[in-house]
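Scroll down for the structure; my scribbles are underneath it.
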Amino acid sequence: MKRIGVLTGGGDAPGLNAVIRAVVKTAKNDYGCEVLGIRDSYDGFLMPDGVFPLGHRDVRGILPRGGTILGTANRGNPYARKVMRDGKEEVVDVSNDIIKAIKDLKLDALVVIGGDGTLRFAHDMFLRGVPVVGVPKTIDNDIHGTEVSFGFDTALNIATDAIDRLHTTAESHQRAMVVELMGRDAGFITLHSGVAGGADVILIPEIPFKWETVARKVLERRERGSLFTILAVSEGAKPADGDASYNRAGDEMYVPRLGGIGQKVGEFLERSGIETRVTVLGHVQRGGTPSAFDRWLATRYGSAAVRVAAQGHFDRMVTLMNGRITDMPLMDAIAIPKRVDVNGEAVLTARGVGISFGDE
Amino acid sequence: MKRIGVLTGGGDAPGLNAVIRAVVKTAKNDYGCEVLGIRDSYDGFLMPDGVFPLGHRDVRGILPRGGTILGTANRGNPYARKVMRDGKEEVVDVSNDIIKAIKDLKLDALVVIGGDGTLRFAHDMFLRGVPVVGVPKTIDNDIHGTEVSFGFDTALNIATDAIDRLHTTAESHQRAMVVELMGRDAGFITLHSGVAGGADVILIPEIPFKWETVARKVLERRERGSLFTILAVSEGAKPADGDASYNRAGDEMYVPRLGGIGQKVGEFLERSGIETRVTVLGHVQRGGTPSAFDRWLATRYGSAAVRVAAQGHFDRMVTLMNGRITDMPLMDAIAIPKRVDVNGEAVLTARGVGISFGDE
Amino acid sequence: MKRIGVLTGGGDAPGLNAVIRAVVKTAKNDYGCEVLGIRDSYDGFLMPDGVFPLGHRDVRGILPRGGTILGTANRGNPYARKVMRDGKEEVVDVSNDIIKAIKDLKLDALVVIGGDGTLRFAHDMFLRGVPVVGVPKTIDNDIHGTEVSFGFDTALNIATDAIDRLHTTAESHQRAMVVELMGRDAGFITLHSGVAGGADVILIPEIPFKWETVARKVLERRERGSLFTILAVSEGAKPADGDASYNRAGDEMYVPRLGGIGQKVGEFLERSGIETRVTVLGHVQRGGTPSAFDRWLATRYGSAAVRVAAQGHFDRMVTLMNGRITDMPLMDAIAIPKRVDVNGEAVLTARGVGISFGDE
Amino acid sequence: MKRIGVLTGGGDAPGLNAVIRAVVKTAKNDYGCEVLGIRDSYDGFLMPDGVFPLGHRDVRGILPRGGTILGTANRGNPYARKVMRDGKEEVVDVSNDIIKAIKDLKLDALVVIGGDGTLRFAHDMFLRGVPVVGVPKTIDNDIHGTEVSFGFDTALNIATDAIDRLHTTAESHQRAMVVELMGRDAGFITLHSGVAGGADVILIPEIPFKWETVARKVLERRERGSLFTILAVSEGAKPADGDASYNRAGDEMYVPRLGGIGQKVGEFLERSGIETRVTVLGHVQRGGTPSAFDRWLATRYGSAAVRVAAQGHFDRMVTLMNGRITDMPLMDAIAIPKRVDVNGEAVLTARGVGISFGDE
């Protein structure tokens, strides 16, 4: 193994730099191998200066930093490129150009760090002759093939810290506090941080909630003397009964205004006579220095990816399974998305400690 | 001095418990004085069990905790109480009841920890014979009579940490990031944390902004190769030119939808062709463990309030002036609200390091 | 199941309160069961007021708090008690008294949260008729039967944060920085935080180090232009060649003075002409608010322990195996202590990213 | 003003990079001025590549980073240089070379960021014709001319967080916990963080302590039912009665072994029959990301230094006085070191909340 490439694709996740650093250090220290960095996901292959050598000096000090020194891209399809032709925008297929560019680099391996989308294209490239090794990046923890990936633990700590802070201020003021957290399709961040932070209500995409139940939970707590309620809400949480609902105050139909689900829940509670405040954490959850666990896992992934490549195993993804780093076929890893098991031990635990999912 | 009371009023601020603890410990240790806690601001005086003895044991372990063990109230007027009379809600004046209840307790001093509103009523009570000493609580730093109060530093650290985290993810993705921070009338939190976090644009109530300027700043940065922009926006930031504006893309009139100003700025940027994400930190800024500075200042305030009371000085507020703890007449302290000096050294510094206030 | 007891034994670990809270809430919510708290590990059974009812109110707000509301004890043998007899201290066996006290309480289950030592006595009690369920507590991660337990992740974050901070100051000053971390017999904390923090040298109990190699590594880094070195040292790290060694400066025999191994390493480096500073983190690693992961795991453990008890399964320990909460026979879980696999993937990864274990 | 230089000297302090960044940005944005960075304090003037242009790009992203991108030096005398002459080490005076090198650079101003020592040489250089402006750097807060400088607040937060963590573990285990903090001559860090963290005993250089009193305090607390004691000890704390003392257990003379004062206090307590653990925070207090306050202050200092230089005022130091940024003659600022006022309001407050200084 003489030369490998590395790129990062998709959304940001704390730990990307730690993977890159481990790839560079392991490849150089253990295999004496040259490493090329590719800028902005697959785009770098077709970009001037989009491919450049990565040495020890380039990765110095990046371990504790969020973001990615390689840049990334978050568009759907790296093969599709918009060009202007005769004054009109047109989409052209650049897949052949990318494949050719990669082959011209004579890479012994291409380490692709990315989510579902990015890894699917890695698999396609493998089919077209590129020796790819995948590293899963999923801050939402929704890739089936790995128990957990880097970034998730950092997001949990940030979300849990926010819930902690809301607790003290909610306690003093007798309010409902809604915090909208990441998770469009999978509720892991909200479930874990909701339990860790001691939220009272958790709304996740996997368990459709009822507007009335949510308001009733808050009012029941009030009647029992708990004068505040913390609601942790995934951005992808969905009401079972649609957006329209009856206002608690009377019969009037209530149609929440546009806006994130966090704000909608807040507005519904206010209309039900409950003073409410809303926090939308947003991208704060994706940035900043990775937690110790995320750096440790990311470093192991990066190192393992180099070893898998050195063994000549391609079209595979490194993964954490049963507490160990191993690897598995790329498509097996990403074929089925991972979701919160609505009847599993975690949800059972949450219900046991008194948390409502708004579905009763 | 044989018996003093202590209460907390208004919004939450990290450090309230540290003041209460210092009042209790100093009164007992240095003056052998009994301390009574009053629940839920002035409401406790008319509440069953609303007044109760506070001992060393009650304040054990509360130093690092956010919130207030006394509870608080955040309504406008403690003298006004809603009652039901003949099936109708009526507002009655309970000021005489409160004053009588206080006098019946035979307090040698009443330490009132609160903001502008709470302290005004403390002054009124003094005029009616209650020996009050005030402790300023202003997370927004908008009380004229003190250089700074507790809670502000904690809010700054939380806001700055959020901006730090947005930086790394904005860098990776070439986006604008809007973070809405506390500050309805005073922009100190946004100004200080914006400078400390390295924001590119800061919008505060004291400096009305122009929609076009804000968008232009983001685009100019893009043209100069800085592919992201962080905008720190006070919840009270206001456009100079009203809510309506022209969309950058064309001539079409743009009227931002309802919602916080952070979201409006985000929507305007999106319409101007700039991919944008919005974070609304909300009450996360008011809760949680106070910073070291806030605990230190809060402890000094609580101690000083007891000493001022022991000297028989009332209708005064403890304050931090010229780096020292001192005290001044209550009404002098709160008569004029404090605002960011738009031509002062701090704003000058911010502009010097390249920050735009959206007013050029 | 009508009545269960819960106690915490051994050293402190962030997450103990989260386990207690989950036991109380799950037992009450899901099984309508009474919960008794036992003070100071097994000592509470023989103490006045050492056993007391635990309700929802008692566990309110304890989720984010370090320590244990039940207290603990860290002596070797709970059965042995020192008494004064005829003016002389004598050790008497109180095991029968403890067993009798437990039986008199008519517990349907006793949840024992503790490490190796505490759990061995739980097993003994089972043999004498007490229906015990164990919850593993091991901040050092050295219990074979579980992939990880609560407290470890928090310790990692604290240790990694300390290493991060040493980095910046070491960089500015061209020094070696030694940080002594927890781990008398197992080096997991030092290994994981050393990798996560980017330490250059890691010394752990499982890999005896050579004095000369450690000094050489620092000097080699200096020659290559890296003007600082971070050394993460387990408190149980041991030199392969004994405490005596040659000073680099000459032939003179060097015998490090008494003191922790961190200080010894520091003194050796200083004598080798390397300016060095030493940090001893100590119990800072065991205290404070648990990380999100630790609260999440602790809550699941507490909940699972109640479910195991409700199924009438005793002499078992709840555990995290293959990423899932399950349970196994107590003695199987603790029979073999867990140690860092010196030839395993984790050490291989650490070496790959350029870390020395001082053994070359 | 066409060209200015900037250097950092002395020990590390979080916020150095924020000053450098503000100097560069303000000089370029507001004055169109070139900025030269000098490496490793004054040493850079005589070093190959020791002086180099600093642009916007060089200071990008350094605001949240500890350390200094310019490097520093912490030797006593920058004018003295060791050289080998005839096989012997000799110290030569290079002051003329440095002054000449500076003059050859034709700097309109040299911004010197440093402590007492570094600033004294800046004054000397001014006397020899160099247009210097000083920025105070004192993590210990011991420069008379400024209320506070950057780095101090960060150190306080780190120290306070450590004390918080020790609290929970001390509570669970009935121990004394000693934490040794920075402060060789001035006890501000220990005093402020001790009060903020709720320490029970604070030992600082300004108030010599008695061994017996320290042990008595711990035992008194124990008798009153507080089963733990936290002792915050400055590295420069000194016993009033010398290192020798009587052991509590009997008449035997106790002479603490060598080691830091934290360890000595720990050993004395152990010998007095009190189980004790010792933490030595060390350089962890000087590193890592600066707090919001420190970044804010550092930015204002850097900006102000450029403005002072632009006005042609030299031999002056920027300072925070009475809550405002101003400037004063360099030698006035550093002539008298600042120490804790042993009869001042801060110590009075600490005693009022029940803290012992070991001097009763």
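As written, the chains take the letters A, B, C and D, and residue 1 is the first residue of each chain.
The rule is short, and it goes like this: a residue touches a chain if its C-beta (ideal position, glycine included) is under 8 Å from a C-beta of that chain, and two chains touch if they have at least 3 such contacts.
This one's a predicted model, so the numbers in the text were calculated from it and none came from an experiment.
Chains that touch both chain C and chain D: there are none.
Comparing the CA-atom centres of all chains against that of chain D, the greatest distance is found for A.
Chain B and chain C have Cα centroids lying 41 Å from one another.
Rounded to whole angstrom, the centroid-to-centroid distance between chain B and chain D, based on C-alpha atoms, equals 31 Å. Within chain D, the positions touching two or more other chains are listed as 161, 164, 167. Here the chains touching each other pair up as A-B, A-C, B-D, C-D. Considering their complex, residues 11-12, 14, 16, 65-68, 71-72, 74, 158, 161-162, 164-173, 177, 179, 257-259, 263, 277-288 of chain C touch chain D. Chain C meets chain A in the complex at residues 21-22, 25-26, 29-30, 61, 63-64, 147-148, 153, 156-157, 159-161, 164, 167, 192-193, 195-198, 289, 291-293, 295-296, 299-300, 303-304, 306, 321-325, 345-346, 348-349, 351-354.
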